[in-house]
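Okay, so chain A shows up in both of these, paired with chain B first and chain C after.
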Partner chain A sequence: MKLTVLVHSAPYSSEAAYSAYRFTSSALAAGHEIYRLFFYYDGVHNSNASSTPPQDEFDLVKAWSELIKTHKLDAISCVSSALRRGVLDPQEATRYEKEAASMGAQFVLSGLGQLVDANTNSDRVMSFGA
Partner chain B sequence: MSTLQSPKTITFISRSTPYGSGRAKACLDMVLSAAAFEQKINLVFMDDGVWQLQAAQKPKSIDAKDLSAALSALPLFDVNNIFAESKSLSARDLDPASLAIGVKACSAEAIAVLIRESDVVYQL
Partner chain C sequence: MSTLHTVNKTAADDALAACLRVATSGDSLLLIEDGVYQASTITGHPQAQVLKLFALKEDTDARGISLPSSVTPIDYAQFVELACQHSRSVSWF
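Up next is the complex of A and B:
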(Lines of atoms letter the chains of each structure in order from A and count residues from 1; the text may use other names and numbers.)
(Lines give C-alpha, C1' and ligand atoms only; values in the text may rest on other atoms or scores of the structure.)
Protein backbone atom coordinates (compact mmCIF):
# COMPACT_ATOMS: atom_id res chain seq x y z
CA MET A 1 0.00 0.00 0.00
CA LYS A 2 1.12 3.54 -0.74
CA LEU A 3 1.06 5.58 2.48
CA THR A 4 1.56 9.19 3.50
CA VAL A 5 2.35 10.00 7.12
CA LEU A 6 1.23 13.38 8.46
CA VAL A 7 2.80 14.46 11.75
CA HIS A 8 1.25 17.31 13.77
CA SER A 9 3.17 16.97 17.04
CA ALA A 10 6.65 17.86 18.26
CA PRO A 11 9.11 15.26 19.54
CA TYR A 12 9.06 14.73 23.33
CA SER A 13 5.92 16.88 23.90
CA SER A 14 3.73 13.88 23.22
CA GLU A 15 4.04 10.28 22.11
CA ALA A 16 2.51 11.02 18.70
CA ALA A 17 5.70 11.90 16.80
CA TYR A 18 7.45 8.78 18.09
CA SER A 19 4.39 6.69 17.17
CA ALA A 20 4.55 8.17 13.67
CA TYR A 21 8.20 7.14 13.44
CA ARG A 22 7.43 3.61 14.65
CA PHE A 23 4.53 3.36 12.21
CA THR A 24 6.68 4.51 9.30
CA SER A 25 9.48 2.07 10.16
CA SER A 26 7.04 -0.81 10.55
CA ALA A 27 5.20 0.01 7.33
CA LEU A 28 8.49 0.01 5.40
CA ALA A 29 9.56 -3.26 7.05
CA ALA A 30 6.21 -4.78 6.03
CA GLY A 31 6.87 -3.85 2.41
CA HIS A 32 4.59 -0.81 2.11
CA GLU A 33 5.64 2.27 0.20
CA ILE A 34 5.86 5.61 1.97
CA TYR A 35 4.81 8.18 -0.62
CA ARG A 36 5.61 11.12 1.61
CA LEU A 37 6.27 12.24 5.17
CA PHE A 38 4.61 15.58 5.82
CA PHE A 39 5.45 17.52 8.98
CA TYR A 40 2.85 20.15 9.80
CA TYR A 41 2.08 22.52 12.69
CA ASP A 42 4.20 21.54 15.75
CA GLY A 43 5.31 18.49 13.76
CA VAL A 44 7.94 20.63 12.02
CA HIS A 45 10.05 20.34 15.19
CA ASN A 46 10.80 16.78 14.03
CA SER A 47 12.97 18.38 11.35
CA ASN A 48 14.91 20.60 13.76
CA ALA A 49 18.45 19.19 13.70
CA SER A 50 19.36 21.31 16.73
CA SER A 51 17.25 19.02 18.91
CA THR A 52 19.66 17.61 21.51
CA PRO A 53 18.10 15.10 23.89
CA PRO A 54 20.22 13.59 26.72
CA GLN A 55 22.51 10.82 25.45
CA ASP A 56 20.56 8.05 27.19
CA GLU A 57 17.30 9.07 25.50
CA PHE A 58 16.00 8.19 22.05
CA ASP A 59 17.05 10.81 19.50
CA LEU A 60 13.93 11.10 17.36
CA VAL A 61 15.19 13.77 14.96
CA LYS A 62 18.30 11.70 14.27
CA ALA A 63 16.18 8.55 13.86
CA TRP A 64 13.90 10.27 11.33
CA SER A 65 16.94 11.54 9.42
CA GLU A 66 18.48 8.07 9.22
CA LEU A 67 15.18 6.50 8.18
CA ILE A 68 14.68 9.12 5.45
CA LYS A 69 18.24 8.67 4.19
CA THR A 70 18.16 4.87 4.22
CA HIS A 71 14.84 4.59 2.41
CA LYS A 72 15.23 7.76 0.30
CA LEU A 73 11.91 9.08 1.61
CA ASP A 74 10.32 12.33 0.52
CA ALA A 75 10.21 14.28 3.81
CA ILE A 76 8.59 17.69 3.77
CA SER A 77 8.25 20.26 6.52
CA CYS A 78 5.48 22.78 5.91
CA VAL A 79 7.26 26.04 5.19
CA SER A 80 4.79 28.36 6.94
CA SER A 81 4.67 26.17 10.06
CA ALA A 82 8.44 25.80 10.06
CA LEU A 83 9.40 29.46 9.62
CA ARG A 84 7.08 30.49 12.49
CA ARG A 85 8.78 27.94 14.73
CA GLY A 86 12.34 28.80 13.78
CA VAL A 87 13.05 25.74 11.66
CA LEU A 88 14.87 27.21 8.66
CA ASP A 89 17.01 25.79 5.90
CA PRO A 90 20.16 27.73 4.92
CA GLN A 91 18.34 29.47 2.07
CA GLU A 92 15.53 30.80 4.30
CA ALA A 93 18.00 31.73 7.04
CA THR A 94 19.89 33.86 4.52
CA ARG A 95 16.71 35.34 3.06
CA TYR A 96 15.38 36.44 6.47
CA GLU A 97 18.84 37.32 7.83
CA LYS A 98 18.62 34.86 10.72
CA GLU A 99 21.65 33.64 12.67
CA ALA A 100 21.01 29.92 12.35
CA ALA A 101 19.63 27.39 9.92
CA SER A 102 18.46 24.51 12.07
CA MET A 103 16.59 22.28 9.63
CA GLY A 104 18.08 18.83 9.05
CA ALA A 105 19.59 18.18 5.61
CA GLN A 106 17.23 15.23 4.97
CA PHE A 107 14.14 17.45 5.11
CA VAL A 108 12.72 19.82 2.51
CA LEU A 109 10.66 22.96 3.11
CA SER A 110 7.57 23.12 0.94
CA GLY A 111 3.90 24.06 0.98
CA LEU A 112 0.58 22.45 1.77
CA GLY A 113 0.10 21.70 -1.93
CA GLN A 114 2.43 18.75 -1.32
CA LEU A 115 -0.08 17.37 1.19
CA VAL A 116 -2.93 17.77 -1.31
CA ASP A 117 -0.79 15.94 -3.85
CA ALA A 118 -0.14 13.22 -1.27
CA ASN A 119 -3.91 12.86 -0.69
CA THR A 120 -4.37 12.24 -4.37
CA ASN A 121 -1.50 9.84 -4.87
CA SER A 122 -1.59 7.77 -1.66
CA ASP A 123 -3.90 4.92 -0.73
CA ARG A 124 -4.02 6.20 2.87
CA VAL A 125 -2.94 9.30 4.76
CA MET A 126 -2.18 8.53 8.40
CA SER A 127 -2.35 11.48 10.82
CA PHE A 128 -0.44 11.48 14.09
CA GLY A 129 -0.93 13.97 16.89
CA ALA A 130 -4.14 15.69 15.84
CA MET B 1 4.39 17.32 -8.02
CA SER B 2 2.20 14.79 -9.78
CA THR B 3 -0.88 15.92 -11.59
CA LEU B 4 -4.12 16.14 -9.67
CA GLN B 5 -6.56 14.71 -12.19
CA SER B 6 -8.98 13.08 -9.78
CA PRO B 7 -10.20 15.33 -6.99
CA LYS B 8 -10.81 13.62 -3.66
CA THR B 9 -13.52 14.28 -1.15
CA ILE B 10 -11.81 15.68 1.92
CA THR B 11 -13.59 16.39 5.18
CA PHE B 12 -11.93 18.77 7.62
CA ILE B 13 -13.16 18.72 11.20
CA SER B 14 -12.15 21.87 13.03
CA ARG B 15 -12.50 21.34 16.79
CA SER B 16 -10.38 24.06 18.39
CA THR B 17 -11.03 27.61 19.59
CA PRO B 18 -9.95 30.33 17.15
CA TYR B 19 -7.15 31.91 19.21
CA GLY B 20 -6.38 29.46 22.05
CA SER B 21 -3.92 27.60 19.83
CA GLY B 22 -2.72 27.64 16.24
CA ARG B 23 -4.89 24.65 15.34
CA ALA B 24 -7.89 26.56 13.96
CA LYS B 25 -5.66 28.59 11.65
CA ALA B 26 -3.68 25.48 10.67
CA CYS B 27 -6.93 23.71 9.77
CA LEU B 28 -8.17 26.67 7.72
CA ASP B 29 -4.84 26.82 5.85
CA MET B 30 -5.27 23.14 4.95
CA VAL B 31 -8.81 23.83 3.71
CA LEU B 32 -7.72 26.77 1.57
CA SER B 33 -4.82 24.91 -0.02
CA ALA B 34 -7.02 21.89 -0.78
CA ALA B 35 -9.57 24.29 -2.28
CA ALA B 36 -6.86 25.87 -4.43
CA PHE B 37 -6.26 22.41 -5.89
CA GLU B 38 -9.99 21.98 -6.57
CA GLN B 39 -10.67 19.14 -4.18
CA LYS B 40 -14.22 18.39 -3.00
CA ILE B 41 -14.33 19.81 0.48
CA ASN B 42 -16.53 19.47 3.54
CA LEU B 43 -15.68 21.72 6.47
CA VAL B 44 -17.19 20.79 9.82
CA PHE B 45 -17.02 22.84 13.01
CA MET B 46 -17.64 20.92 16.18
CA ASP B 47 -16.80 20.98 19.89
CA ASP B 48 -14.84 24.16 20.73
CA GLY B 49 -14.34 24.69 16.99
CA VAL B 50 -17.76 26.33 16.80
CA TRP B 51 -16.31 29.34 18.68
CA GLN B 52 -14.57 30.19 15.38
CA LEU B 53 -18.04 31.08 14.09
CA GLN B 54 -18.77 33.67 16.79
CA ALA B 55 -19.80 36.94 15.12
CA ALA B 56 -18.02 40.26 15.78
CA GLN B 57 -14.69 38.87 16.93
CA LYS B 58 -12.17 41.51 18.03
CA PRO B 59 -8.86 39.64 17.97
CA LYS B 60 -6.86 42.82 17.35
CA SER B 61 -6.86 43.37 21.11
CA ILE B 62 -4.70 40.25 21.46
CA ASP B 63 -2.59 41.06 18.37
CA ALA B 64 -4.17 38.24 16.39
CA LYS B 65 -5.52 38.21 12.85
CA ASP B 66 -9.28 37.90 12.48
CA LEU B 67 -9.88 34.26 11.63
CA SER B 68 -13.57 34.81 10.92
CA ALA B 69 -12.62 37.29 8.18
CA ALA B 70 -10.67 34.49 6.53
CA LEU B 71 -13.67 32.17 6.95
CA SER B 72 -15.84 34.60 5.02
CA ALA B 73 -13.51 34.12 2.04
CA LEU B 74 -14.34 30.40 1.81
CA PRO B 75 -17.14 30.76 -0.79
CA LEU B 76 -14.65 32.57 -3.05
CA PHE B 77 -12.65 29.31 -3.00
CA ASP B 78 -15.82 27.34 -3.79
CA VAL B 79 -15.94 25.92 -0.28
CA ASN B 80 -19.68 25.86 0.29
CA ASN B 81 -20.25 22.65 2.27
CA ILE B 82 -19.73 24.20 5.69
CA PHE B 83 -21.35 22.54 8.67
CA ALA B 84 -21.60 23.12 12.41
CA GLU B 85 -22.60 20.38 14.80
CA SER B 86 -25.89 21.38 16.45
CA LYS B 87 -25.17 20.19 19.98
CA SER B 88 -21.79 21.95 20.00
CA LEU B 89 -23.58 25.20 19.09
CA SER B 90 -26.39 24.85 21.62
CA ALA B 91 -24.02 23.82 24.43
CA ARG B 92 -22.23 27.15 23.91
CA ASP B 93 -25.40 29.17 23.44
CA LEU B 94 -24.45 30.03 19.84
CA ASP B 95 -27.41 30.74 17.57
CA PRO B 96 -26.89 29.13 14.13
CA ALA B 97 -28.73 32.07 12.54
CA SER B 98 -26.37 34.77 13.83
CA LEU B 99 -22.89 33.43 13.21
CA ALA B 100 -19.97 35.12 11.41
CA ILE B 101 -20.62 33.04 8.28
CA GLY B 102 -23.51 30.97 6.99
CA VAL B 103 -23.25 27.32 8.00
CA LYS B 104 -25.55 24.31 7.88
CA ALA B 105 -26.33 23.13 11.39
CA CYS B 106 -26.28 19.34 11.44
CA SER B 107 -26.34 16.35 13.76
CA ALA B 108 -23.42 14.16 14.79
CA GLU B 109 -25.08 11.38 12.79
CA ALA B 110 -25.00 13.53 9.64
CA ILE B 111 -21.27 14.19 10.26
CA ALA B 112 -20.72 10.43 10.56
CA VAL B 113 -22.24 10.08 7.08
CA LEU B 114 -19.92 12.81 5.73
CA ILE B 115 -16.93 10.97 7.18
CA ARG B 116 -18.03 7.67 5.68
CA GLU B 117 -18.40 9.27 2.26
CA SER B 118 -14.98 10.98 2.35
CA ASP B 119 -11.70 9.77 0.88
CA VAL B 120 -9.66 11.57 3.53
CA VAL B 121 -10.59 13.09 6.90
CA TYR B 122 -8.50 15.57 8.85
CA GLN B 123 -9.25 16.93 12.26
CA LEU B 124 -7.44 19.68 14.07
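Up next is the complex of A and C:
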Protein backbone atom coordinates (compact mmCIF):
# COMPACT_ATOMS: atom_id res chain seq x y z
CA MET A 1 0.00 0.00 0.00
CA LYS A 2 0.96 3.65 -0.39
CA LEU A 3 1.29 5.21 3.03
CA THR A 4 1.88 8.79 4.11
CA VAL A 5 3.16 9.60 7.58
CA LEU A 6 2.31 12.98 9.09
CA VAL A 7 4.52 14.07 12.00
CA HIS A 8 3.33 16.89 14.28
CA SER A 9 5.83 16.47 17.07
CA ALA A 10 9.45 17.42 17.68
CA PRO A 11 12.06 14.87 18.73
CA TYR A 12 12.71 14.71 22.48
CA SER A 13 9.69 16.81 23.56
CA SER A 14 7.43 13.79 23.21
CA GLU A 15 7.56 10.22 22.02
CA ALA A 16 5.44 10.79 18.93
CA ALA A 17 8.26 11.54 16.47
CA TYR A 18 10.01 8.33 17.51
CA SER A 19 6.76 6.38 17.10
CA ALA A 20 6.39 7.86 13.61
CA TYR A 21 9.93 6.77 12.78
CA ARG A 22 9.29 3.23 14.06
CA PHE A 23 6.01 3.04 12.11
CA THR A 24 7.69 4.24 8.91
CA SER A 25 10.59 1.79 9.26
CA SER A 26 8.20 -1.09 9.89
CA ALA A 27 6.04 -0.16 6.90
CA LEU A 28 9.09 -0.14 4.64
CA ALA A 29 10.27 -3.46 6.09
CA ALA A 30 6.87 -4.94 5.27
CA GLY A 31 7.24 -3.86 1.65
CA HIS A 32 4.85 -0.90 1.68
CA GLU A 33 5.56 2.27 -0.23
CA ILE A 34 5.96 5.48 1.76
CA TYR A 35 4.35 8.01 -0.55
CA ARG A 36 5.43 10.96 1.56
CA LEU A 37 6.70 11.99 4.98
CA PHE A 38 5.18 15.31 5.96
CA PHE A 39 6.57 17.23 8.93
CA TYR A 40 4.18 19.84 10.26
CA TYR A 41 4.14 22.31 13.20
CA ASP A 42 6.82 21.25 15.73
CA GLY A 43 7.44 18.19 13.56
CA VAL A 44 9.75 20.32 11.41
CA HIS A 45 12.38 20.01 14.16
CA ASN A 46 12.92 16.47 12.86
CA SER A 47 14.54 18.08 9.83
CA ASN A 48 16.91 20.28 11.85
CA ALA A 49 20.33 18.85 11.00
CA SER A 50 21.96 20.97 13.72
CA SER A 51 20.36 18.76 16.37
CA THR A 52 23.24 17.23 18.34
CA PRO A 53 22.16 14.78 21.04
CA PRO A 54 24.77 13.10 23.29
CA GLN A 55 26.69 10.42 21.39
CA ASP A 56 25.38 7.58 23.55
CA GLU A 57 21.76 8.45 22.77
CA PHE A 58 19.67 7.42 19.80
CA ASP A 59 19.91 10.24 17.25
CA LEU A 60 16.42 10.51 15.81
CA VAL A 61 17.18 13.36 13.41
CA LYS A 62 20.09 11.41 11.94
CA ALA A 63 17.98 8.25 11.82
CA TRP A 64 15.25 10.01 9.80
CA SER A 65 17.87 11.39 7.45
CA GLU A 66 19.42 7.96 6.87
CA LEU A 67 16.01 6.33 6.39
CA ILE A 68 15.04 8.96 3.82
CA LYS A 69 18.34 8.59 1.99
CA THR A 70 18.34 4.78 1.99
CA HIS A 71 14.77 4.47 0.72
CA LYS A 72 14.78 7.64 -1.40
CA LEU A 73 11.71 8.93 0.42
CA ASP A 74 9.89 12.16 -0.32
CA ALA A 75 10.30 14.10 2.95
CA ILE A 76 8.61 17.49 3.19
CA SER A 77 8.92 20.01 5.98
CA CYS A 78 6.09 22.54 5.97
CA VAL A 79 7.72 25.79 4.87
CA SER A 80 5.72 28.16 7.08
CA SER A 81 6.14 25.92 10.14
CA ALA A 82 9.86 25.54 9.45
CA LEU A 83 10.73 29.19 8.84
CA ARG A 84 9.02 30.23 12.09
CA ARG A 85 11.11 27.66 13.97
CA GLY A 86 14.43 28.54 12.37
CA VAL A 87 14.66 25.48 10.14
CA LEU A 88 15.85 26.94 6.82
CA ASP A 89 17.41 25.49 3.72
CA PRO A 90 20.33 27.38 2.11
CA GLN A 91 18.01 29.16 -0.34
CA GLU A 92 15.73 30.52 2.39
CA ALA A 93 18.70 31.40 4.61
CA THR A 94 20.09 33.51 1.77
CA ARG A 95 16.71 35.05 0.97
CA TYR A 96 16.14 36.15 4.60
CA GLU A 97 19.79 36.99 5.23
CA LYS A 98 20.23 34.48 8.05
CA GLU A 99 23.63 33.26 9.21
CA ALA A 100 22.91 29.55 9.04
CA ALA A 101 20.83 27.05 7.12
CA SER A 102 19.99 24.21 9.48
CA MET A 103 17.67 22.00 7.46
CA GLY A 104 19.02 18.57 6.53
CA ALA A 105 19.78 17.98 2.86
CA GLN A 106 17.38 15.01 2.72
CA PHE A 107 14.38 17.26 3.39
CA VAL A 108 12.47 19.63 1.13
CA LEU A 109 10.61 22.77 2.20
CA SER A 110 7.16 22.90 0.68
CA GLY A 111 3.57 23.84 1.38
CA LEU A 112 0.29 22.29 2.42
CA GLY A 113 -0.49 21.48 -1.21
CA GLN A 114 1.87 18.53 -0.73
CA LEU A 115 -0.22 17.33 2.21
CA VAL A 116 -3.42 17.62 0.20
CA ASP A 117 -1.73 15.70 -2.62
CA ALA A 118 -0.58 13.03 -0.16
CA ASN A 119 -4.10 12.68 1.25
CA THR A 120 -5.45 12.24 -2.27
CA ASN A 121 -2.82 9.86 -3.60
CA SER A 122 -2.01 7.70 -0.58
CA ASP A 123 -4.03 4.66 0.44
CA ARG A 124 -3.53 5.53 4.11
CA VAL A 125 -2.34 8.53 6.09
CA MET A 126 -1.10 7.96 9.64
CA SER A 127 -0.62 10.94 11.96
CA PHE A 128 1.64 11.13 14.97
CA GLY A 129 1.23 14.05 17.35
CA ALA A 130 2.10 15.22 20.82
CA MET B 1 -15.80 1.72 6.39
CA SER B 2 -13.93 1.06 9.61
CA THR B 3 -11.48 3.31 11.38
CA LEU B 4 -8.27 2.72 13.30
CA HIS B 5 -8.10 5.05 16.29
CA THR B 6 -4.83 5.64 18.11
CA VAL B 7 -4.65 7.25 21.56
CA ASN B 8 -1.30 8.30 23.03
CA LYS B 9 -2.37 10.16 26.18
CA THR B 10 -3.05 9.21 29.81
CA ALA B 11 -6.40 9.72 31.53
CA ALA B 12 -5.22 13.22 32.51
CA ASP B 13 -6.09 14.18 28.93
CA ASP B 14 -9.51 13.75 27.31
CA ALA B 15 -8.16 12.09 24.13
CA LEU B 16 -9.56 8.65 24.94
CA ALA B 17 -12.93 10.04 26.06
CA ALA B 18 -13.20 12.03 22.84
CA CYS B 19 -12.28 8.95 20.83
CA LEU B 20 -14.87 6.77 22.55
CA ARG B 21 -17.59 9.32 21.81
CA VAL B 22 -17.22 8.77 18.08
CA ALA B 23 -15.72 5.29 17.65
CA THR B 24 -18.25 2.78 16.40
CA SER B 25 -18.67 -0.95 16.08
CA GLY B 26 -16.04 -2.51 13.83
CA ASP B 27 -13.45 0.13 14.63
CA SER B 28 -10.15 -0.69 16.28
CA LEU B 29 -8.55 1.26 19.08
CA LEU B 30 -4.80 1.10 19.54
CA LEU B 31 -3.20 2.50 22.69
CA ILE B 32 0.32 3.79 22.10
CA GLU B 33 2.92 5.73 24.11
CA ASP B 34 1.36 7.02 27.39
CA GLY B 35 -2.02 5.84 26.11
CA VAL B 36 -1.11 2.33 27.29
CA TYR B 37 -1.65 3.50 30.90
CA GLN B 38 -5.39 3.37 30.11
CA ALA B 39 -5.35 -0.30 29.11
CA SER B 40 -6.68 -1.58 32.44
CA THR B 41 -9.54 0.92 32.77
CA ILE B 42 -10.72 1.07 29.16
CA THR B 43 -12.27 -2.39 29.31
CA GLY B 44 -14.88 -1.12 31.78
CA HIS B 45 -16.10 1.54 29.38
CA PRO B 46 -19.39 0.57 27.67
CA GLN B 47 -18.40 2.03 24.30
CA ALA B 48 -15.14 0.04 24.33
CA GLN B 49 -17.11 -3.21 24.25
CA VAL B 50 -17.89 -2.82 20.54
CA LEU B 51 -14.29 -2.03 19.59
CA LYS B 52 -11.29 -4.23 18.96
CA LEU B 53 -8.70 -3.17 21.53
CA PHE B 54 -4.94 -3.23 21.05
CA ALA B 55 -1.87 -1.84 22.80
CA LEU B 56 1.61 -1.37 21.40
CA LYS B 57 3.72 -3.98 23.17
CA GLU B 58 6.92 -1.95 22.94
CA ASP B 59 5.22 0.85 24.89
CA THR B 60 3.59 -1.43 27.50
CA ASP B 61 6.93 -3.18 28.09
CA ALA B 62 8.72 0.15 28.47
CA ARG B 63 6.25 1.11 31.21
CA GLY B 64 5.82 -2.26 32.93
CA ILE B 65 2.11 -2.39 32.07
CA SER B 66 0.34 -5.75 32.04
CA LEU B 67 -2.67 -5.98 29.77
CA PRO B 68 -6.12 -7.37 30.49
CA SER B 69 -7.07 -10.27 28.21
CA SER B 70 -9.42 -8.08 26.18
CA VAL B 71 -6.54 -5.86 25.02
CA THR B 72 -4.28 -7.52 22.46
CA PRO B 73 -0.56 -6.64 22.49
CA ILE B 74 0.84 -5.92 19.02
CA ASP B 75 4.22 -4.93 17.60
CA TYR B 76 4.99 -2.24 15.01
CA ALA B 77 4.62 -4.64 12.08
CA GLN B 78 1.09 -5.45 13.28
CA PHE B 79 0.43 -1.74 13.80
CA VAL B 80 1.21 -1.22 10.10
CA GLU B 81 -1.09 -4.13 9.22
CA LEU B 82 -3.90 -2.63 11.31
CA ALA B 83 -3.50 0.69 9.53
CA CYS B 84 -3.83 -1.11 6.20
CA GLN B 85 -6.84 -3.19 7.28
CA HIS B 86 -8.87 -0.10 8.15
CA SER B 87 -9.88 2.33 5.45
CA ARG B 88 -8.87 5.36 7.51
CA SER B 89 -7.23 6.33 10.75
CA VAL B 90 -7.75 8.98 13.40
CA SER B 91 -4.95 9.88 15.81
CA TRP B 92 -6.18 11.33 19.09
CA PHE B 93 -3.49 13.46 20.72
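As a working rule, the second predicted complex is superposed on the first by the 129 of 130 C-alpha atoms of A that agree within 3 Å, B and C clash if a C-alpha of one lies under 4 Å from a C-alpha of the other, contacts with A are read in each partner's own complex, and residues count from 1 in each chain.
Here is the rule we use: contacts are C-beta pairs under 8 Å (C-beta built on N, C-alpha and C of every residue); 3 or more make two chains touch, one makes a residue touch a chain.
Keep in mind that this is a model prediction, so the values were computed, not measured.
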item	value
First, second, both or neither for A:Tyr41, with chain B first and chain C second	first
First (chain B), second (chain C), both or neither touched by A:Ser81	first
First, second, both or neither for A:His32, with chain B first and chain C second	second
First, second, both or neither for A:Ala130, with chain B first and chain C second	both
Which of chain B and chain C A:His8 touches, first, second, both or neither	both
Chain B versus chain C as contact partner of A:Asp117, first or second or both or neither	first
Touched partner set for A:Phe23, first chain B, second chain C, both or neither	second
Overlap of the chain B and chain C footprints on chain A, listed as residue numbers	8, 125, 127, 130
In the complex, chain A residues that touch chain C	1, 3, 8, 14-16, 19, 22-23, 25-27, 29-30, 32, 123-130
Residues of chain A that touch chain B when the two form their complex	6, 8, 40-41, 80-81, 111-117, 119-121, 125, 127, 130
Chain B residues within the chain A interface of the complex	1-2, 4, 6-8, 10, 22-23, 26, 29-30, 33-34, 36-37, 39, 119-120, 122-124
Interface residues, chain C side, partner chain A - complex	8, 32-34, 58-59, 75-77, 79-81, 83-84, 88-89, 91, 93
